[in-house]
Amino acid sequence: MAWTRDEMARRAAQELKDGFYVNLGIGIPTLVANYIPDGVDVTLQSENGMLGMGPFPFDGEENPDLINAGKQTITALRRSSYFNSADSFAMIRGGHIDLSILGAMEISENGDIANWMIPGKMVKGMGGAMDLVAGVKRCIVTMDHTNRAGASKFLKSCTLPLTGQNCIAMVITDLGVFAREGNEGFRVKELAPDVTLDEVRAKTEAELTT
Amino acid sequence: MAWTRDEMARRAAQELKDGFYVNLGIGIPTLVANYIPDGVDVTLQSENGMLGMGPFPFDGEENPDLINAGKQTITALRRSSYFNSADSFAMIRGGHIDLSILGAMEISENGDIANWMIPGKMVKGMGGAMDLVAGVKRCIVTMDHTNRAGASKFLKSCTLPLTGQNCIAMVITDLGVFAREGNEGFRVKELAPDVTLDEVRAKTEAELTT
Amino acid sequence: MTEKIYSSASEALEGLTFDGMSVMAGGFGLCGIPENLISALRDSGVQNITAISNNAGVDGFGLGLLLETRQIKKMISSYVGENKEFERQYLAGELELEFNPQGTMAERIRAGGAGIPGFYTKTGVGTVIAEGKPVREFNDETYIMETGLTCDVALIKAWRGDTQGNLQFKDTARNFNPIMATAGKVTIVEVDELVEVGTFDPNFIHTPGIYVQRLVQAKCEKRIEKVTTRGPRPVEGDA
Amino acid sequence: MTEKIYSSASEALEGLTFDGMSVMAGGFGLCGIPENLISALRDSGVQNITAISNNAGVDGFGLGLLLETRQIKKMISSYVGENKEFERQYLAGELELEFNPQGTMAERIRAGGAGIPGFYTKTGVGTVIAEGKPVREFNDETYIMETGLTCDVALIKAWRGDTQGNLQFKDTARNFNPIMATAGKVTIVEVDELVEVGTFDPNFIHTPGIYVQRLVQAKCEKRIEKVTTRGPRPVEGDA
């Protein structure tokens, strides 16, 4: 049985270590914050200029001067700090963020990621995604293994314009967990319950080792 | 009669305009702060990270955390702000300081300056001098016209290792004021009382126009 | 002392607008945008603006106002997703658009203000962003060169400013504002609160007054783009 | 939560020192130097240090301590005028010295911490500083390339720090400290005051805790290099 979005988020949360500084993308990655393991203290960065992101505010307590990178109203914590956009990306580009979890349209077997534009469609821009994948120490992607038409999103090489090259260390899909070290290819690390390796191979264009 | 150090400083202070942000070097330039004309409001920058330098403290009121770029104890003003060294030199390099007044060992007719090392002697370093002459909007030098041996310090080209190229807009010596526009040579703008053009020419290796 | 305080946003813009000018506008989404200065820029009627701003506002608010009136010729942004009029003009070929990765854009602005004409970054290597850009190897890794960015006028939104132009920003409304303040040939700031010089602890000034040429106090609407809450605050005494 | 607080400077250095290591030390002159961490580094006995610091301390204080014991192999500084032992070792060829213009040095450190391996500057063009460095023209002006600078361990002096490692600096003792804090593989900070998390207004934190791996509260002597005064404070009532 393939994992749900929440199960994927829960699995991704297992990659968080105590003391980590983490940047979470939009979509499934946002859900990861709900599954931080007990005893693991994590500080969330928001690339619009905040470290120590708190939960959403209570109704009526929204602060227009306090939003996350997804433009949602949020709150601060006792540990929070604010800084400008150049300082925020200095933190990201300089490799100070331990982990980024983000979504993707396509991942290739050499760790390339495409998640910002589809040719022919209106392009909204890459925001901070290119900076994150190039700068953060370790990048994990959470995505569905196939698209709505059933085609693999885990490819030999990306067909969409890239967000970054050779930068994804782990892919968590509804079917399992796939990890790589350095410049190697991806290895099947875990399978979702009742998902078979054959099923994964059938739905994966990328070369996978076990 | 050649100008004294204080007279040179007073003359240099005439170049300050209301609202200017100014960096003053060590020596005669430091004295300029004593002669800021009435009605002219100037903010002094210290490259170790302060805007709005105040006067020296009263006896016994020294603050070890508050020094100027010459490492002397100073005080703050109501307008003061502190920043780090990178931000301080971003301000300098980015052309935000209106005027720098500094000392020199040699000046050449094309606006080069040498003021940081004498080959064969122990070299102490350039500190912030190279950044200042390369970055500040307008640089004025105050110096004696000749050295102790009577040789000109205002040369066709500098003999000492340069601090910066083509960056000095005005030279104020004990003998007079010499100014240049853009890439032109220096023009005699003023002479100290009873100093003759002939005397200046005799003591100047650089080409001067009148 | 040269007076930096102006009585209205349009007065603060006076004499600075011209056809084809480049303008930076602070803000991330609608958070920390110089609302009043943007409106005044629209009212000035100036044409063919190159606008440098992380986003393009929304329909009818922020830079959306200048898109409606077609005063913007070109945008340099990292993300423009929230604006139908933008999309229409762009798809119709009426609007030029240059995408920058957000961190590259922030660093280009900081570099522009700091007198750094170019720097190297890993961001965008192997992507369309790298096309045509100089490349250099450092420690066997490839980096691309990006250039510093400045502008004719920077429009800034700050929380509090003093009469010397020293500024403080609030929460994540800080974002691009302090760096853009360093990158304008002229920098104009609107503040929620104008205070006397000496009000701020000099240790906690985000933007020193040297970067601010004109300052105006103005009321902001501070529209929220995506109100997101976790529900009502629990009544006291509840578990 | 990983504990960042250490009980002494030498404990804070434990496991991080090795022969040939590079160390940044904050401070300008003797203002804002990590006195206790420098002493602890001396006591560690580590050899062949490359020390990156704007100045080299004075005889018997600051980095002068490490020069006395000949633990420093190379210095990267902008000005070293106040230290006889330094001069002796340098003239005897016992010490390598690399001068950087102060602003170039500051920017190299900031770049190192920000993941920028190289940048262009006008500073030093046409001087010995430019020798051997790549050159590039921007808008018909010549610039030289300088590289980012990082280190194995950064030693930082802050005014106050909280248990998460968030820091505030005091007056001009800020100087190189915040940028060096970003450029250390490991950053160790000594503070005058250690406070509970939540003490600081998040708008006014100079260095976010992400940059701080180890923190120790320690008493500083804060020696003044050049006491300069304008005389006694006038007695009240005097004109």
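Every chain is named by a letter (A, B, C and D) in the order it is written, and numbering of its residues begins at 1.
The rule is simple: contacts are C-beta pairs under 8 Å (C-beta built on N, C-alpha and C of every residue); 3 or more make two chains touch, one makes a residue touch a chain.
The structure presented is a predicted model; accordingly, all values stated were derived computationally and were not measured.
Touch-path distance (fewest steps) from chain A to chain D is 1.
Set side by side, the interfaces B-C and A-C show unequal numbers of C-beta pairs in contact, with more at A-C. Ranked by how far their CA centres sit from the centre of chain C, the chains are topped by B.
Chain B and chain C, compared by their mean Cα positions, are separated by 36 Å.
Averaged C-alpha coordinates put the centre of chain A at 27 Å from the centre of chain C. Annotation: 54 Å between the Cα-based centres of chain A and chain B. Averaged C-alpha coordinates put the centre of chain C at 32 Å from the centre of chain D.
Residues of chain D in contact with two or more other chains: 107, 110, 114-116, 121-122, 169-171, 174, 202-203. Taken residue by residue, chain B touches two or more other chains at 76, 82-83, 89-90, 92-93, 135, whereas all remaining positions touch fewer. Shown here, the protein chains touch in an arrangement that is not a line, ring, star or fully connected set.
By the contact rule set out at the top, the touching chain pairs are A-C, A-D, B-C, B-D, C-D. Of all the residues in chain C, the ones that touch chain A in their complex are 28-32, 54, 77-82, 87, 90-91, 99, 101-107, 109-110, 121-129, 159, 169-179, 206, 222-233.
Across the interface of their complex, chain B is touched by residues 1-2, 110, 112-116, 162, 164, 166, 182, 197-198, 200, 202-203, 205, 208-211 of chain C. Against chain C, the residues of chain B that register as touching in their complex are 18-19, 21, 41, 43, 45, 51-52, 76, 78-83, 89-97, 135. The touching residues of chain A, counted against chain C in their complex, run 46-50, 55-74, 76, 82-86, 88-90, 92-93, 112, 122-131, 134-135, 161-166.
Interface of chain D with chain C (complex): residues 107, 111, 114-122, 136, 138-139, 141, 143, 147, 168-171, 174, 202-204.
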